[in-house]
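The following pair of complexes shares a single chain, chain A, combined with chain B in the former and chain C in the latter.
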Partner chain A sequence: MEFLNTIDKKVKEGRVEGVDKVTGKGKFAAEYTVENVCYAVLVGANIPAGKITSFNLDQAKQVSGVLDILTHLHRPEVPGFATEELIKSSRFGLPIFHTDQVYFKGQPIALVIADTLEDATYSASLVEVQYAATPFRVDFDAARETVGLTEAGKERGAMAAWANAPHTVEEEYNIKSQVHNPMEMHATIAQWTANDRLVLHDKNQGVNNVQNVFANLLKIPKENIEVFSEFVGGGFGSGLRVWPHALAAILGAKQVNRPVKLMLTRPQMFAGTGYRPASWQKIKIGADASGKFQGIFHQAKNATSLYENFNDGITRVTRLIYDFENLKAEAAIVPLNLSAPTWMRGPGDCTGDFAIESAIDELSYKLGIDPVELRLKNLAIATNPETKLPWSTNFLNECVMQGAERINWSERKSQPGQLVDGDWSTGYGMAVGAWNAGRGNASAAIKMERDGTITVQTAMTDIGTGTGTGMVNIAHDTTGIPKEKIKIELGHSSLPPAPSQGGSNGLSSVSGAVVAVSLALKLKLAEFAASQNEIYKTAKEEEILLSENGLSFQKNNQHFISYADIWSKNGLTMVEVEASSGPGTERQKYSFCSSAAHFCKLKVNTKTGKVKLERMICIADGGKIVNDQAAANQMSGAAVGGIGMTLMEEQQIDTRLGGLIADDLAGYHFAVNADAPIIEVGFIGKPDPNINPTGAKGLGEVGIIGTAPAIANAIYNAIGKRFRDLPITPDKILLG
Partner chain B sequence: MRPFSFTKIDNAANALAAKKEKSQFIAGGTNLVDLMKKNIAQPEQVLDVTTALSSEIEDFTKGIRIGAMARNSALTTNAIVLEKYPLVSKAVLAGASPQIRNMASTAGNLLQRTRCPYFYDVTTACNKRKPNSGCSALEGENRMSAVIGYSEQCVAVHPSDLCVALAALDAKVNIENSKNKKSVISFGDFHRLPGNEPNRDNNLPENALITSVEIPSNGFQKHSAYLKIRDRDSYAFALVSVAAALELQGTRIVAARLASGGVAHKPWRWYDAEAFLKGKEATAANFSEAANIAVQDLKPLAHNGFKKEMLQGAIATALQQCLTV
Partner chain C sequence: MSKESTYSRRAFLKASGAFVMLASIPYSLKAMYVDVDKLTVVPKQALSITVSINKKSYSVPADTRTTLLDLLREELHLTGAKKGCDHGQCGACTVHVDGERVLSCLTLSAMIQGKEVTTIEGLADGEKLHPMQQAFIECDGFQCGYCTPGQIMSAVACVKEGHTGSVAEIKEFMSGNLCRCGAYNGIVQSIQKVANA
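Up next is the complex of A and B:
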């Protein structure tokens, strides 16, 4: 296997959207020029709970250029919010401007619209609000005690079966809330082009989802809602939902009868676009003397909001990775006066995996069995232990073995605190992670021009993962048309529909559609060619070869007909084909997972509490790797995210005042380059023959899932202190 | 942000003459612009002094004079600073990010305001931002707050790294007031403790400008270190930081300087520890004892008890690094 960080030096093709991005030609949501646009700024509630009793807008309205100020007392009606029932069934979450209730500090309660952003911003600072405050709760640790657990999925086997397990670990794990913080802030430009026609330039991870949500809320046909999300500056899950600000922009545009641009400020992002909720977990795991796992009991609670329930699915991963004959899971959600959480990279699994993989590491010391060996002994490598279906492919064991070799695992000491150099102690740690590899229905189209240039289109967004670049590779591999003649169009609702890009489903879903439409193109061209050469009448897809200039039969240049010829003979300007592809019966025969093993070498300064990562290795089974640069980039980005999750990320909450504090990029720390070594990424690279036509399994989540436990386990190996709460900051290292 | 007028001024005298009650000088703007965005500073008039003040770094026999407008990044590349005052460069490199250092000025660095999260949140009480409104940090989230020299009114810490080095090196602040009168404030007297007036960060008089900062020549060229412990390795404020400098004769300490950031409302000097080190051998045991002495008087708050142990480790480590870095 080649390691990508070492082969990166070779000259490689860049991303299809790379030049547009770095030159500014590519437009992110807020960058589009829309004629006659005006600007809107949200005003947030200053209290965490209560009722709005009145607004004083006198001063705010005196600012020059202010066009209007929306509140729940003054706004266009959202049909989908007309009754409490409709609000609930809309599943939109916060019924913005349709309630006088305050559920969290920072809740958007007014929208100032002005000719300029500066005027709107200043006016927003002058909006005065009177409240009737009520008691609140934002302290997850205190509130979770009051919420009881209920069964999370079916129990496997019985707890009694392993009551006398000779080796057990029973511990609790706490993780603070984390915030996505994509580089591009969420923004919407809303433009009503007719009473029932809407154009949106919006930051999100799925244009069709945006269409559906607003069609339902506004009761207009979804075809009347055009959504542009052609360039997206990161998502991490924050764009999988439609958030209140987008609706605010739409209502504002309706109210002032002009296009309205609304971009959240960075602090507004913290309470406006979701986050990974704070969590508590308890794990009890038991093994026999040989290290064979006998059972696991996993309990988990996560924070949610008062106006919307969100279950992060923390115990899902427990059912996925290992052969537990006996498994019991319980979960609960804990409503708080905070904004609604949402999926954040590796949702649920990241959190659950930290607890499981930490507990297994702890168990390995009790058993005196190497953590690598312990995992290889217990991985459910043949069958999905939950569904009992065979895995289509699962090479997690190979990931573990290759990772161990790469990091020189044999240099790890079996007891902690053995590699000491002055104040620095070195440790090694590892962990594994897995994710249900999904696939959705997706469509794609190809438009071909006379010169052989094709444009491959799908509504799917590219949030920075390299979807478009991957599509070029797939279209090239399937058609034979050179890459430089393949263009990509993404992220627009009039293009063939595709699922949102999330849950590691993006490429897995769209790749099938690109293969299908590439094959459709071949058949379509053969159909035209048949009028010139009968051989093409019955030609099969694999017999039709496309090149830069034309098509051939079975062998290059055999029965060659140029595109120009076809175009002329048939009076064509453009050849257009569209095709769809989605999962089928293979999902009844097999289970599918992506997986990865993380290995880490680090040193800990016992005097200052500083943790310095020296190496981080991530070996993944993502099936066929469609584009190794984009794939490696996903993995290393995810691992850096995991480093942040482990060592620093924490949304601070003031439990006395009831709100977020330090909610900006100076106060909320995520990892930067200085915190991360070069992430060494490797792929097993074996295609999954059943998941989709390309054999590629999604990689978005597995890059982060095992990162945190690998680091925490390495810290234990270095200094003998076990950290079960994240983040592990220098103060905790010193006092732990 | 409140609307404001913007005027570029070409010399210090004109800048001081133009200054009115609701006007504010701006240099790099790396802190002021944030404060304006968050409605903490609401000047009606902003006076740009970037071309009004010197950005020269001059070597004179008794020391170095750093113009008020010398960018932070200049302090990390200037040959004189690197040769004779390397501690300054090390401290600057531990702070902010390259982009911010390229903008931030020397004088502005002294005048930057605390990063206490409550100071930046106008929905909360803060005596520094709004006198007599209360201190939210005292019993709130005070992990980053002061452990010494604070008052019930304010537990904020000064955020600068550069200033910790300047405090250690006994710098002087040259100022000029509106009557064109020049005067000097010793660095130790420049920043204030909060007391009952936490809204005042320093002793720079109203309507005065910092024109330059001087560092007297010293014997610490060979043995200095700046150690900053923070939650991430770049663009994060100190949990604690230590500027350490030693003048050695052989292995004997002739003079020692120790100062810290992240512990108080001003850069904090550890005079007792310095006195202990003077005349001692430069050994790990003595460094350890100096660290012990330094942390004796700390009075941590509810969430920052760790700073005592961290500081102790950081002082000993920084002193050790003076011998190798």
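Up next is the complex of A and C:
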């Protein structure tokens, strides 16, 4: 295994991989130089539903440089797709090139492979397909009426108990579909190095997951599949699944017996790598005169595909944040002729939080109670309302108080439309969000050289969250070895296994492994040192101190033995240790959550409908912050994502022809630099003593969850118009 | 691809089929058939391009359809310029041509004959990073790093153009470079740092 991008730059400030990223040296999936590579381009179905009746490939094949064209009639067999049962149990979703059924417009149905990208692209444009079209449905708003709701989560209390609540809000909320759109388009270079050996350079959020999926589909040993994903150009959930195009590249490489590179086009990203599904929600919330919540009834439906079920878990957040007696939740999924949705940053919770936090804001006006006070009165700070387990730590109340202070909440007017300056009206809004803080089993290894340089290794990817830098900090804190002597290797399948990076679990999981392996290194060195000094025979982890050059006992330079000495005396070339770490019985004693409060101040132009964010403040409880700068970046970036979700992001669907409208970055808008203010971030910073050895709880999701309702609530405070549908575009503001 | 194309070979074959049934194929029709094929499937054309990239001269044969971005990434293995949309909508492919910021995905290779191209790989002075590269590291002006080369190339130009008078001005003149991680805080700070140095 050769690392093209071994991260060993000695940069004191910034991330370990910083130099590779600012110089263009870091290699993303499609950028590796692979000998004899050829190019593949996918062809998408041109109808939303039906059957392929024939292909006419004559013209496409006349293009010079075309090597082959794969279709369901002409491709290598995927053993995992041999029967309908296998297809279903593979949980792969779309059985690409193994069906003549068309489930959505843009579904990949052919793959052109050619010597150059230009040849393949041109040839793909000449592929002709005949279909037998059938009726379709892509209109979520129309289709959802036909699907009934079923119970979601544990019901508690009784609906009857709060039937006569003195103050209620009962409203519906609709959110359009949003698309992850990481800046790096999904890409795979597939190379068969033997009949049953595969090398993949692939964009994904978990190399071990990719291995497992393809081992199962291709029926080859997992160890035979090598996956490189050292640099991943963003994910936001789109890389947690393995998508059909990656399998297409693998089949293409098999067919032409050459390495195949396939990078999706941006339009293909909209129908090929998931999205946050469109949703409908209805919330009924009741409170007594003091503002104490008596009950919440939360109903939700989300879109899914016809070939795969996806439930976004929209009502979960309602069950998590507040303490109240009576809860009922219902959910449903609505199959449409669209590609499969998937988890997108703050999955389910972003959607559910917009509804519940908007409803609570609305309730605050009815009650005449300040929204901050109303939150503080009802937050479930001590116990997880659903599991009844105590939170290990939960400082959401402190997040709320700090945020209120920082934005000068007292300047907010309790009635809307009070701060007017010409065409601009100013408003303040806030919302809270929380996320179940998870942890998975992860492994890490350390290789130590004679000069004291260590390389910490894990298969986990770093999708931009700063995992590698966090690992350096943790290894430094645990061992004492200076940061300049710590290198990181990650994102490769032969490294010690780790879960996918997603759901804010990445650092929480791998940090335990890095601590464990750092301690293992100490014991291993002490074991070698014991032959020179008996004191190390019984030395405990905390008594062994490592420095740049050697180890000491209890305090620096006491019983010092240099690494060089140990290496010479024991004839060593390298010291290697590996360790694993994962959740344990603490999960039976406690519940775990990360949380955040969002506050915003904005101006609405009542003539143009433009919303201008002046301040966005996000205060988070993510446990211990392992790397301040990257963590703040993570939070502010998530808030920028939330601004897009609130004000502009919408995957428009052509209900007449069944396709996507404006499936590129000119038609689908997310927040550009000028759309976001400088985001202000704060952390509570108290370590969670039970979640993992570092006390870090994870931040990826909570940065976005409360953003949308905070903005919508501020818009109401500014102009007195309540928007319950996202995105809140200027036309809606003017007409609303 | 549409099911029926006005100029498709299939449509032509159907039409010509009628003639075939009436008589043996006249030579002139055969010739016409070949001509139509040539018309519908455009043959590849290459031309030789001489260009200076990062102060190194290249003479490369390029497909007339090849963009500067694909020439850099696929032919010359200079993968620093990124493909984020291939439509000039995201700015990830930003390079400098004769000192000005240019979207390399909207620039055909044929258009850069004799020009001076600078990519992210040519920004540093040997091992010494360009101040903007250093600032991006120090201010954490990125997360995943994919849009970063384009951001930095634009940022260098933004400073040169003098559009750094305020946060709002920087944001406006950097809004052609999208960052889905939302690392805009650090991007603005990096530019301020260099502009005020």
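By our rule, the second predicted complex is superposed on the first by the 724 of 736 C-alpha atoms of A that agree within 3 Å, B and C clash if a C-alpha of one lies under 4 Å from a C-alpha of the other, contacts with A are read in each partner's own complex, and residues count from 1 in each chain.
Heads up, the rule we're going with is that a residue touches a chain if its C-beta (ideal position, glycine included) is under 8 Å from a C-beta of that chain, and two chains touch if they have at least 3 such contacts.
A quick note: this is a predicted structure, and the numbers were derived from the prediction, not measured.
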(request) Name the contact category of A:Tyr122: first (chain B only), second (chain C only), both, or neither. (result) both
(message) Applying the document's definition of touch, where does A:Pro693 land relative to chain B and chain C: first, second, both, or neither?
(response) neither
(request) In the overlay, answer first, second, both or neither for which of chain B and chain C A:Asn46 touches. (result) both
(request) Give one of first, second, both or neither to describe whether A:Asp731 is in contact with chain B, with chain C, with both, or with none. (result) first
(request) Report for A:Ala666: first if it touches chain B alone, second if chain C alone, otherwise both or neither. (result) both
(request) Check the residue A:Ala674 against both partner chains and state whether it touches chain B (first), chain C (second), both, or neither. (result) both
(message) Per the contact definition in the header, classify A:Val232: touching chain B only (first), chain C only (second), both, or neither.
(response) second
(request) Identify which of chain B and chain C touches the larger number of residues of chain A. (result) C
(request) Have a look at where A:Gly80 lands relative to chain B and chain C in the superposition and call it first, second, both or neither. (result) neither
(message) I'd like to check the shared interface: which positions of chain A are touched by both chain B and chain C across the two complexes?
(response) 46, 118, 122, 125, 664, 666, 670-675
(request) Show which residues of chain B lie in contact with chain A when the two form their complex. (result) 1-3, 39, 115, 117-118, 120-121, 123-124, 136, 139-141, 143, 227, 229-237, 239, 305-307, 309-310, 312-314, 316-317
(request) Can you check the complex and tell me which residues of chain A touch chain C? (result) 11, 13-15, 17-28, 30-31, 33, 43, 46, 56, 58-59, 62-65, 116-119, 122, 125-131, 180-185, 231-236, 263, 265-266, 463-466, 629-630, 632-634, 636-641, 664-666, 670-676, 678-679
(message) Looking at the complex, which residues from chain C come into contact with chain A?
(response) 1-3, 5, 8-10, 37, 40-44, 63, 65-66, 70, 73-74, 77-87, 89-90, 92, 119-121, 123-124, 129, 133-134, 136-138, 140, 142-149, 152, 167-168, 170-172, 174-188
(request) Give every residue of chain A touching chain B within the complex, in rising order. (result) 46, 105, 118, 121-122, 125, 423, 605-610, 644, 647-648, 652, 654, 656-657, 659, 661-662, 664, 666-667, 669-675, 729-731, 734-735
